[in-house]
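There are two complexes below, and they share chain A, which is joined by chain B in the first and by chain C in the second.
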Partner chain A sequence: MKTAAINDRNSGIASLRSLVSPRAWKGVLGLLGILALWQTSIPLIGVSEYFYPSPAAVARAAIHLVKTGILPAYIGDSLGRYLAGVSIGVTLGILFGLLIGFSAGASRMLSPIINFFFAIVEVAWIPLFVLWWGYGLKVILVALSYIVFFPVLYNTILGVRSVPQVLINAAYSLGATRLQLIQEVILPAALPSIFTGLRLGAGFAFRGLIFSEMIAAKSGVGYLIFEGASNQQTDRTIVGMIVMGLLWLFIERIYIRPLEALTVDRWGLATRAEDRE
Partner chain B sequence: MQRFFRHPTILTTITMVILYAAFQLWSYRTGAAKFEPVAATIRPDGRLSAEIVLKVAPERFHIEMMQNAGRVVEIRGHSFYVADIPTESARSIARNYWVEALRPWTPAKS
Partner chain C sequence: MSAGFFRLGRFRVDLLAVLPFLLLILMWRTLPSLTGMPEYMFPTIGAVWDKAVELTANGQLQDNILDSLGRLFLAFLIGNALAVPIGIAIALNRSASDFLRPVLTFLQSIAGVAWVPLAVIWFGIGMGSVVFVIANTIFFSTLYNTVAGVESIPKVLHRAVRSHGGRGWALYSELILPGAFVNILLGLRIAMARGWHALVGAEMIAGSNGLGYMTMEAVQWYQSSTIVLGILCIGCLWLAMDQLIFRPLERRTVVRWGMVRQ
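Coming up: the complex of A and B.
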């Protein structure tokens, strides 16, 4: 009982320590340094606020955008689109990756088409998507899924093809069906690679989100950046850029990185077994 | 189980969900109070006309939202005069924290 209480207290202290760790403080200090540099450079450069707004002006713009309800609404719109687009792209990327990685016939049939489309960047597609479906959610979702699809697909294929043949043979000799082989051996072994693809795709999709919203939306943080530039509200453009950066930092730190670590810890066994051979 | 709930990802997600739910609850309660003055003016077709007063100067974002909700007749100062708003849209507008009040308003007959 006493030991449990001590353990509890120790883990609480550890959580607090992680919050005030020197690494975190160094990050904050770096950020403050950039802000100080930015603020001190204003009188040195000596151009108008329109060309080069000060951190104070950007902070005022951010507060105003929150007060007017614009920023929360746009963040909500952007996050919704991002999550939906990434989910569709990841699902399709994993499915096609498993299919191509597992079946030589499917690989021969689909690889040339996929390689062809891989070369055509999403930026080239967006005007065409707008022409087909008009401005709105559909265009953004298709564009984001397209961006996420390829990194997830190629990393899934890589993951599936890197599974040691000895593991596949062992599963078959133990009487595993094809489905069981995928579920119990291939998918777990490919997960670290899939997560590498997910991390890449999720990062690219964030950039794609800004571009898609600039072209095909009437809301969202990308639209805020575009609208700010069009209306000579540079401070709003910078607010949009900062919000995008912070959102990505948050998603990466709180969700992607822990999930990746968890996957490697839990499912990275196949790679370690390979290393031992 | 205790370790699971102490994981930063879970802790952050739960905190965000709680904060969001609390904010939504607060929005519903304040929205209902703001909607109250126009509740009596709902027509048999389920629509109403109202003066929607904002706490801030209207921007394109607010104008588009009002246009999506009903027929914007006039914008004066911080007030929108909107006709034929479906009841649910009016309730939804009232829930926004940047909306000060909804007041009964009758559009002039042309």
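Coming up: the complex of A and C.
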């Protein structure tokens, strides 16, 4: 208990220190500098608001979108689609990854067809999906799970295959059943690898979400970016792009990092990039 | 273990591996009658082949493929020509890196197809906006790998080169470029893959020709055979680029020098 409290205090101090560290301030200055540059370039370039909206116009559009409730609703829609699509893809990826990594027969049978589908980028499927199901949620969910499936699958296979045979033999000789073996040995050992796949897939899927919303949705952040431009409300397009960037940072901080911390870090199996600095 | 294989010329074909493909074809043929989806949504192999012959004969397929590849190549040149020097400058200059990193992280998280609508306003539908979006995607991908490459050079080597009087151009040609080369080269392949995604996506939304445009345009005319042909072309072209350009390039350089495992 006591050490936990001390750790808490230390990490609190550390985060406070990083907040006031010169590096962080320079970063904030950099962001403000870009904004200032953008605002001062408006009269210099002298083109219409439609072509090159000012930060002030973008801020007004953002406030309007929040007040009317459009932006919160769109963010909710996007986030819901994203989480649903990614969850389906991750579940299927892990299941098939365990199957292929575990069984030589399944690997012989499924690897070629999976490689065949992997070669076709998910973007290319979207026209066919639209033809089959029309514009809507189904296209987005299938596209997102398609994107996430492959990195999770390949990394799960890698993780399962890199479990030392000794451990598997040990578990069997202690009387473990196949299910117990997967639960107690294979899954924990393959977890860091699965998370590498999840991180990769989550990043790709976020781009895929925005793209498929541009094509197949009537709400969401991708739709906001697309619709703003076609209605000559360029400021809304830029609000959408900024929200997209912030949303990704949010997803990374809120969902991906804590998941990593919960599973991988606890077993001390992986180091994050920042830790190595 | 040789059960279930048969020989086809030089190749050993795994019967087990063929099974899912047969199942796929069977599903493709029976889905319309099972789910009540219209027949035309699932074109036969013959129909796709006929479409391929038709579009090759009138030159549309080649034109679209060449347009797409030309754009990808142009954007690849522009994106990398900007990203490599800027990446090196950022990695070597501590305060530039402190100021720019959050901005670049943010721009990187929105790089790619999200720029398509804005690009259309700036450059109009077609070539200009598509090239802008791909170059943007490739720029941020390569930038990241260049910075990582330069930062991976051990500090000791910097000091060693400097203490031997290496400065100016010699520092770049003897230390930084060779040291960062592996990361940059491996990064090029990733950049090309991302660029290919962005190309297809951007052409679907903002193209006036090209493979992505051809595939998306066919949806309006219910031309399912053109869509499937487009999907196959997009898949095969990527495989060909990866296997014929990037894999051999890696084998000749990085792997031969023993810097990564095959």
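Please note the rule applied: the second predicted complex is superposed on the first by the 235 of 277 C-alpha atoms of A that agree within 3 Å, B and C clash if a C-alpha of one lies under 4 Å from a C-alpha of the other, contacts with A are read in each partner's own complex, and residues count from 1 in each chain.
In the analysis below, contacts are C-beta pairs under 8 Å (C-beta built on N, C-alpha and C of every residue); 3 or more make two chains touch, one makes a residue touch a chain.
Treat the numbers as computed from the prediction; the structure is a model and nothing was measured.
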Partner chain in contact with A:Trp38 - chain B first, chain C second, else both or neither: neither
Partner chain in contact with A:Ala124 - chain B first, chain C second, else both or neither: second
First (chain B), second (chain C), both or neither touched by A:Tyr172: neither
Which superposed partner A:Gly69 touches (first chain B, second chain C, both, neither): first
Contacts of A:Lys218 with chain B and chain C, given as first, second, both or neither: first
Greater chain A contact set [chain C / chain B]: C
Residues on chain C engaged by chain A in the complex (per definition of touch): 4, 14, 16-17, 19-21, 24, 37, 41, 95, 98-103, 106-107, 109-110, 112-118, 120-122, 196-197, 200-201, 204-205, 212, 215-216, 218-219, 222, 224, 227-228, 230-232, 234-236, 238-239
Chain A partner contacts - residues on chain B that touch it in the complex: 2-3, 6-9, 12-13, 55-56, 59-62, 64, 96-98
Residue ranges of chain A touching chain B (in the complex, touch as defined): 8, 11, 15, 18, 64, 67-70, 73, 218-219, 227, 254-255, 258-259
Touching residues on chain A, where the partner in the complex is chain C: 22-23, 26-31, 33-34, 50-51, 105, 108-113, 116, 119-121, 123-128, 130-132, 207, 210-211, 214-215, 222, 225-226, 228-230, 234, 237-238, 240-242, 244-245, 248-249
